[in-house]
Each structure stands twice: as C-alpha cells, then as structure tokens.
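Labels run A, B, C and D following the written order; every chain starts at residue 1.
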Amino acid sequence: MIRVAILGATGYTARELIQLLLRHGEVEITAITTRQEDQPDLGSVHPQLAGRLDLPLENLSLEQVAERADCVFSCLPHAASAESVDQILTAGLRVIDFSADFRLHDAAVYEKWYGVDHRAPGRLAEAVYGLPEFFREDIRGAQLVANPGCHPTTAVLAVAPLLKAGLVAADDIIIDSKTGVSGGGRTPQPVFHFPECNESIAPYAVGNHRHTPEIDQVLSDVGGQATQVVFTPHLVPMDRGILATIYARPVGNASENDMMAQLRQQYAAEPFVRVVDHLPATKNTTDTNFCDVSVRVVRGRVLLMSSLDNLIKGASGAAVQNFNLMYGFDETTGLL
Amino acid sequence: MIRVAILGATGYTARELIQLLLRHGEVEITAITTRQEDQPDLGSVHPQLAGRLDLPLENLSLEQVAERADCVFSCLPHAASAESVDQILTAGLRVIDFSADFRLHDAAVYEKWYGVDHRAPGRLAEAVYGLPEFFREDIRGAQLVANPGCHPTTAVLAVAPLLKAGLVAADDIIIDSKTGVSGGGRTPQPVFHFPECNESIAPYAVGNHRHTPEIDQVLSDVGGQATQVVFTPHLVPMDRGILATIYARPVGNASENDMMAQLRQQYAAEPFVRVVDHLPATKNTTDTNFCDVSVRVVRGRVLLMSSLDNLIKGASGAAVQNFNLMYGFDETTGLL
Amino acid sequence: MIRVAILGATGYTARELIQLLLRHGEVEITAITTRQEDQPDLGSVHPQLAGRLDLPLENLSLEQVAERADCVFSCLPHAASAESVDQILTAGLRVIDFSADFRLHDAAVYEKWYGVDHRAPGRLAEAVYGLPEFFREDIRGAQLVANPGCHPTTAVLAVAPLLKAGLVAADDIIIDSKTGVSGGGRTPQPVFHFPECNESIAPYAVGNHRHTPEIDQVLSDVGGQATQVVFTPHLVPMDRGILATIYARPVGNASENDMMAQLRQQYAAEPFVRVVDHLPATKNTTDTNFCDVSVRVVRGRVLLMSSLDNLIKGASGAAVQNFNLMYGFDETTGLL
Amino acid sequence: MIRVAILGATGYTARELIQLLLRHGEVEITAITTRQEDQPDLGSVHPQLAGRLDLPLENLSLEQVAERADCVFSCLPHAASAESVDQILTAGLRVIDFSADFRLHDAAVYEKWYGVDHRAPGRLAEAVYGLPEFFREDIRGAQLVANPGCHPTTAVLAVAPLLKAGLVAADDIIIDSKTGVSGGGRTPQPVFHFPECNESIAPYAVGNHRHTPEIDQVLSDVGGQATQVVFTPHLVPMDRGILATIYARPVGNASENDMMAQLRQQYAAEPFVRVVDHLPATKNTTDTNFCDVSVRVVRGRVLLMSSLDNLIKGASGAAVQNFNLMYGFDETTGLL
C-alpha cells in the first residue's frame, strides 16, 4: 500500500483522481488538503464522492503531509504548486505535479508565458515530463513528475510519431484544438457561465495560450529539431473531452497508409493509445484513459486527429499511469 | 414614436427587450442605463447586438431619464427597482417593471419572501399585474405595470381557466416546473457554472421559491378563492424555456375533452396562447411570445402542461405586449 | 470465474454492462450476441470499447450460448427476451433479464400494457424482481432475475420506505420523472434527433408509460396495500440520469426529520443508496451505481427526490449487483 | 406583395424561411409543398409555427405552383431540385434554390462530388451565386439564384477580402469548420442521434465534403486565381451555428492591423457582415443574419475566424436577402 496525499483537492482533477485511486487497490489516500475552505466535508464539495472516502479535507502543513504520505499528487495552481513541491521533495517524498510549474525546461520561458517568477527553478533539471509514451523509463525512477497539459498530450500523441520518423515537417504544424468546459476549472467566470458558453463554439487565447511552449518543447525533444507550432484552442459546449485536428506538411513520399503504419508501430505496445481507422470523436474516449488517433492525407496535407478525456488521459488518469510506473505497478492498474 | 428608456440594460432580459423593440417600428430607444459599469459599449456587453443600436450605456440620473423618455422599462433587481420606479412615476412617466417589487398586493408578503423592506409600498395599490390574458383592460390604462414572473406566467396560463371555471379544486394544486438556465440571470455562480449544471437536472429552492406567493395571489384573484400551491422549480441544462407540469384534482364530472374545450374557449381570441392537442415542448415556444398549453386526465387526476420562453413570454415579450396595450398599438406589434 | 454471455450486445445497456464486467475480476465474458448484424467487430459497434474485449459479436443459437456460459444477461427487447430466456433456463443456466418480460407478476397486466402476448407465462412465478434493497434474499437464490426498469427503481427507492412505514398514503402518489435521452435506446427516431430534443424539455407517454404498472406492483408489494400512482415521464436534453420528484400525502404527524430518519434507517446498511441532506441532482450519480434520495415537507405535502444513472443503477449496474448476490460475491464488486 | 411558394417545406430551412417571411411585410406565402407526406397540417410538422400560417402543406404540381406564385424558394434536396427549378424557370417565375444544384459552374465537377448526373446543366450559365457581399449586382437581375452552402459562406466572407487584396496566398488555405447539428438536416440518423453526438465533437467527411469545390470556386472567382483549399468540417453538440477557423499564409508585409483594415474596408457598407475586434463566437450570431469576422496573425500565420447561423445567414436569411435584392426591397427587410 502506497500512502498518498492530494494537495488542492477541491477541483475537478482532484475529484477524478480520487475516483481513480479508490479503484486502484494498492493505494491508501491519507490526506486531502485545501487552503481555501475551512475543512468542509468531501461529500459537500464533491457530491459525487459522498460516502466514498472517510477522510476530512484539511488545511495541513507540508510537514504534516510529509508524515502521512509517501507520494504527493499536487493539484495546486501554478506558482503555488512550485513552492509546495519544492518542500515536499526536500522532505523525501515523490511528487506528481498537475500544474505547469515543472513542465518547461527553461524558467525564462515559463516566466514569459505564465507572467510570474518561477519559485523553484533549481528543481527543473530533475523534473521528468510525465508522458509515458515517450518518457517511460525516466518516469520510473523520477522523484518529480510534471504531469502534462491536456492540449499538449492530445496533440503530441498524434503528431510526434510522424515528426520523429521524419514524415512531416517541423516548421509547419497547425493545431486546431477543441476542448470541453471542464478544462477551464471550477471557478465560475462569465466565459463558463452556462447561458454564455452553451450552444456556442468559440476560439480563445488565440496566439497566447500557455500550452503553446509546452507543445513546442515536447515536439522539439521527441522530433530532435526545434519546433514551433500554431496552436488555437476552442471552447466546445460539452463537459469533457479534447479533439485536436492537426495540419502538417508531408516530407518525402509516405502515403496515408504508411503514416497509419507508423502510428501503429509506435503504439503497438502502448496500453492507452489506440490507432483507429475511423475518425476520432471525443465521446469514444470520455471517462477513459485512452487516446484515439488517426491520420488522413488531404490534398497533399497531412491531417492528424486525436481525442482524449481532458480530465483522465489529459490529467488524472495520466497521473495514475505515471504513479504506476514510479511504483512498479502494472501500468493499467486502476485505469481500465 | 414612443421614446423609451431601459434601466439596467446589461442583463439577459434587457438584451431580449432591445432586440424586440428594434423590430417594433413605433418605438425609439433613447436611453439604456447601467450602474455597474463605466459606460461600456453596448456591443461589448451584448455582442449579439453589436452594430444594432447607436446608443451608449450610461449611468444616468432618473431626472435625465425622465427628460429623454415617455416610458421606462425597468430591468433593475428587486428593491433597487422599487426606489427608481417610484421616482419615475412621480416624474410622470409610465413604467413597466420587470422586478418583483410591484407584483404582490401586500408589502408584508413581499417582505417575508424577499427578506427586504419594500421601498415604495404606497405604489402597490396602483400597480397592475401585467398578465394580459387576465388583466388586459387594467393594463391599458395603467401607469405602472408589474411584469409577471416567468414561472407564474407558465403555470397560471394553464391552470387559471380551469380554476376559474370550477373544474379543478383550489386546495390541491402541485406545480412541477422546469426552467432553462438563463432564468438564473447573468451573474456567474457555481450552480450555473457549465460543468456543474450541464448534463444534470435538479430541483432548487424547494419550498421557498419567491414565485410561490405570486402564483398563489394570481390564482386566488382569478379563481375567486384563496389558493396555495405546492411549487417545485427544477434547473434544466438548456438556455431558455420553461415547462410546467401541473397536477390538480378535478371537481365535478368534466372530461378531458371538456377541459380542453374550456381552455380553447378561454383563449379563443388570445394572440399568444395556443391550446395544442400534442404535448407541449419548450422548443416549440423558444424565441417566441407564445405559450402552449394542453391538458390530460390521468387516473382521475388533471394534468396540465404549459411551455413558454422564459425570456420572451416569461419576461421581455410580455413587457412589449403590455407596452402595446398601454399605448394602443396592436397587441402583437414587434412580437411575431 | 463465472462464464457469462450477453444477448443483444449492440445497445447502450450492453455497452455499459461490458464496461462494468471488464472491471469485475471474477467474470469471463464468453459470448456476445446479436441478431441484427453480421458479426461486426465490437469496436465498430461500440467505439468506446475498441481494444477492450477480444471477442466477436456472433449470431449464436441458444444451445451454443448454453455451452459457453453459466449465466446469461439478456439485453434483448421485450417479447424476444421471454422466448430466449425460457430456453436458457431450461438449459440450466441462470439469467438476468433486462427486458420487462418477467417484471410483472400477472401476464394479463403485461399483455395490456405491452400489447403483445406473453411468450413464457409459466416462468413468471419463479422470476424474482431484481431490486436488492427490497428483495435481496430472494435474489440470492434466483434462477431468473427480472432487472427493474429505470423509472421504477428511481421512484421506488425514494417512496417505498415511507409507504412501508405508513408515513405516506398509498392512494395519492404523483411521480414526476425526468430522464436523459439514452433511456430511449439506440435506434434513431425523430424524437431523439439532436435538433429536436436538444434545448427542450417535454413530457412523453403521459398516462400510458409502460413503467406505470411496474411501479404500482412494487409499491403494492413493499407497502402491503394496493397502490396506483400517477406517473409522468419527461425527456431532458442530457445523455443519462433520471430525477424523480415525488409528491405524496402524509399520514400521521411525522415531521420532515422523522421522514429523513426513516429513510436513513431503511438504507443504513445499503451500499448503493445514499440518503443526502442536499437536493439530489442527476450529475452526482452519473456513471455510478448510487441512488441519492432526500425528502422535504412543503405546505403539508411530502416531496421526495431521487436521482440515479439510468444506464447503471437503472440498468447495467443493478444487473451486476444482482449477479454479485446470485453468485455470492461482495455486492459492490465491479461497481465502485 | 410578392407571391411566393416554398417547395419542400418540411425541413429546417423551410421552417426558418417561413418565420422570416411572416415578418417581411411585402410577401404573401401562397403555397408550401411536400412530396413526402399526405398534406399534413403545418403546425404538426413544425409545432413552432402552429397558428402562424393558414395554409396547407400540399403535393402540388409545378403548374399549380406557377399559377399561384411569382417567386419560388426551392428547399428540395439536390438533384430533385434541379429538375423542378428548370420547369419553374420555364414557366417564367424567378427562383432561389437552396440546393447545391446550381452553385457550381461546371456540371462535371458537380457530378464528381455529388455522384449524380446534373438534371439541368443548361441552366448553369444563367445561375447567379447568391452571396450578396460579392455578387450583389448580378443577383438583382437574376432569374435563378443559387443560395450558397453554409460552410462556404462562413469561410468565404472571412478569407475572400484578404485573398482579393493579395494579402494571403491562394495555395495554402486551411479551413477548420465547426457546425451545429441542424446542418445535417431533419432525417434521423445514427450520427445525429442525441446520445451519439451530444457531449462529443468529431470531424466528418474529411477530404470529401461536398462544400469543398464550392469554396474553391468562389475563392477562385473572387480572388482571381485558381484556389484549392483544405476543408475539414466538425460536428459540434449544439443546434445551430458555424465557426470557421482559417489558416492562411501571408503575402507581403501586411500587419494584423492592415488586415483588419482591409476587412473593415471591404464590409464598410455591408448590412450583415460585422468586422469585430473580439474573437467571434457562434452564439453572437445565432438567430441573426449577421456574419462576424476577425483576423489575427500568429507566429507568421494569418488566422481568420468567422461565425454565422447556419440556418439564417447560412441558408434562409441569405435567401431572403437575395429575394430583397431581386425585388428591389431594402436589403434588410425582414432580417433585423
């Protein structure tokens, strides 16, 4: 039994994480923390979890957390997370961080896109980017795993294999991404007010979404050459799910079949990436840890499509997958 | 041309009202006011209205409003509205008030259900309840019309004819009402946050919804005997529309056909109530000023169904219908 | 390992059942059948299940099914199911039937409401109604379990405890039920066409829904006196979930607190019924086997509210719960 | 008063058209036809229109239509429409055709993409493409107007001005389009079954959508050089609205401001195209005849965004706008 603590347990990713961990079998949740509220009942914060976990939400110090847990899932917002994670690592625990604080190699890039100073730049070198499909071995031994962003995972799983194989050009990648509203978190805002976003689709954060440098970095790492993408997210009137439609320029003479074959080869042994013949739809991956990918060639342009559940494979499911790797459990434990 | 001002023009009912008035032909909108914001552009507050009305949102005094307009639509929240309306009436204008401040005859009942002192109780006696189907003649001559609540209009239009005709009992009326989310207004709140209310239906304000005494009063007035209803509203994951399902106990031997006939007779000359054979669905009345009603008898219980658009027949359309009556225009002007 | 077969595996309840059974641990799915299609791939029928189960959809004879399985889940439509179930029982297997064919004690009532002859009336006496909260011991030993309808489970779990305890009258029960669209099954029809039912709420099958006699029967059995309800279902624009709002007349002087206490006492040991203080919302029970119930007293009327997921606690989850009872597994196996 | 007939009046575009024409003031609807059904009541086919139009749905011959009307709106499906339109033109009436039959200049292109022979190729030369923003003068005098497709109008209104001005390249245009479900018509199909398409987003018809050659043609005509686009439509879980996100390559040194200025100049006098500073959202154009467009430059790529209501500006509103031009009415009559 691994004892785990969840920091910042009032949001959607924490709710999903608790549901997955309750099904895991090898985990004991020993602490769930909040800074915002005065120790409310978990069932009143997450009515779906009423009666599921007999543990109070607490405003614990990191020392208290360190005494109770072996591993920490941090669902704190960026900046706040870096500070807490630094101390928890110092106390000797292993950490899976949901925030963006340890995803980018370069603190300067982080500070430019997130507009805040990095509070633990000394930890960046040891952080491992938690995308098992490309960094599995590093994850196994990591003390600190930076759990990927939801848009980056969706896009990268589709385009990285072709980029790595040299079948598409690194300098002409357009990612048109569509996400459900839970991706915006739990804080009420006009843009997420039901009568505003229901029955509507719209782009947002055009040209300045913070997942942009993360996608650039991972594709550069995997593909072996500097890559900058055009990334446009859209808000879709549904709870959960991301679909990325990706336009790339082919290199060489690979056919659509060759590209499908490349995807299949890349993911032959992967438990959670399905290379599908049909066109992906977010519904097929809702409430699962699967990512469905496919590829078409249209008028000389490569068109990749990828779908996943932003709260599972795009967040909490990926975290559990990373956890399984870190502790030597079967990678699918709690996830099927 | 009647010059009209709209107080509190940043909400959903004001947006719908402006759209209807722009189509009216006999109205000039001369002032749109806000207290909350610093004279923003109308198109930035209501992007749907971009380019439609060349008039700034202004923080006007009531004196300024009185100079510019003949008639005022007050979309202010309750309590705030009473105070403004009182002064506007004193200045000699006519008023259609969207708030609940002048709907209830008795200030004590108002104060009990709304939890605030009534700020202009002296005006209650002159206020006319703006339900044309039952108070048309009074509305024509009114200085102050209290525009009805959305749930009351939905329920009353279905049950009042049978109550008035003595076909159902006054002491056993259950109203199970279902409303779209725009009924909750424009202010972001957890309960209206998309990932909370989407894909869910739930009751709210059980036993204490403020429309309860309003329904009681109108049914008592129309039916001629004291009536108290059980009223349960529910929030439905859709933008607009209300469906009321009403359960009443029959009096006498009237059949389902007799009851349908009674409804048809009551509404034979009404431009905006349709007695339909099929089961009402909110979609059939969306974006219209119609209310569809029907009746069934099931196992000895009378079952009435009624649907309308909460922002049109339940608010801004009703206001324009009242306006047309007050100024002698054809009652349907701007509404078809 | 219990070997199970699923008859009629192309619909929504079968899809949910497969997902639950894949997580069960003590079950081997050995056959999934279809009559409609020519042995398609499971992943093409249910893309969500792609890669999850290495078993073809087959058009098997009941003899073949009997060779492969110990227990059969029949997801066949009514009438078709009765015929198949009869033969499977004769072959010595145990059966959990999702159809309505064995829910009603009286073939004449069945034939009246369903409009078809009953094809295996001789089996009615041995069928056990699969609502564990009230018929647990009978289910343990049953050869044939009739899995309950989704509306009946929702309503009965709320009102039965108070009826049984004599706190509400049997002759004045109104059930206003609201269901998501998956309850209508998988066959495209105008009423379930997205642009028709989205953004709309409407009653359907008023006065003649087939779940009516089932609710009557179960409440009569549990309450000990003949009971006839007024039952009105409504279609809500969401995928899944049922909310029942139930209006009953109190007997005696029990307070709201007394009624809550009665519910808590009834369900103290139940793993899947949560008596909640807050107002139930379908979202809190989506994708779970829980049913949330609560009670209020409003103006002398008892108001019960109940929510569950129509495809889980209202169908496939209930079936697995019954299966667990029949085979001596922990009742929650595969369901948390 | 112009007497108009509507052929194929049972679909969504006909319903919207009738609503608009009832508000027009200079039109008398004299015939509404159907081939499919036996003269049903209009209110039973379109419950939203109950009581609005006292005219039966009839299975009329084209001779009968020609006697009753001056102008025909054909809402017939492609192929069927060509045949009828040909005869109606011969009878001397003017026609606005909603189908694709007269949109493409070249019958061979039509036959390739639509998979049927063209039934009236001799009429192609006289057909005018009904996009007022680019072909206004031709529309005024036309006997036959081919009303544009919804995706083409959305995309073309955004990209054509920049293409025409030489600010973007003709050989690198990607159109990622997102449409509500009403775009798929009224016939129930699995892909439009609520539980299939709700809470999901997915691409469809990748590489082979029939609007592709139409977009190619119009952009080629307007831009003055042969243009082939990559066009990918997606289905969004909402009733109506299209958002196109368009990626193009800049030519020369025009800045984002220059491109906005070009759009504003192009549309300065247009009543129904709004060049907006904010990011377009479909909700802002729902139930209106407006198209909102804007442009951004992101990492050296031009990103155009465009939204409209697929049933209004993308179909029936455009048809009325064309009608107004053809008959010399103010272009906005019935549309504001």
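To be clear about the criterion, a residue touches a chain if its C-beta (ideal position, glycine included) is under 8 Å from a C-beta of that chain, and two chains touch if they have at least 3 such contacts.
Predicted model, so just to flag it, every value in this text is computed and none were measured.
Undergrad: Treat touching chains as neighbours: how many steps, at the fewest, connect chain A to chain D?
TA: 1
Undergrad: So which chain is farthest from chain A, going by the mean of the CA atoms in each chain?
TA: Max centre-to-centre separation from chain A belongs to B.
Undergrad: Please work out the Cα centroid separation of chain B and chain C, and write it as a whole number of Å.
TA: 40
Undergrad: What whole-Å value do you get for the distance between chain A and chain C if each is reduced to the mean of its CA atoms?
TA: 36
Undergrad: How many angstrom lie between the centres of chain C and chain D, each centre taken as the mean Cα position?
TA: Taking the mean C-alpha position of each chain, the two centres sit 46 Å apart.
Undergrad: Out of chain B, which residues touch more than one other chain, so two or more?
TA: Touching at least two other chains: 180, 197-199, 237-240, 281, 283-284, 286.
Undergrad: Can you list the chain A residues touching chain B in their complex?
TA: 12, 180-182, 186, 188-190, 192-195, 197-199, 237-240
Undergrad: What residues of chain D sit close enough to touch chain A in their complex?
TA: Residue list for chain D touching chain A: 174, 176, 178, 180, 196-204, 206-207, 228, 230, 232, 234, 236-241, 243, 245, 247, 279-284, 286, 296-299, 301, 303, 305, 307.
Undergrad: Please name which positions on chain A make contact with chain C in the complex.
TA: For this pair, the touching residues of chain A are 22-23, 44, 47-48, 50-52, 199, 274, 276, 278, 281, 283-288, 290, 292, 336.
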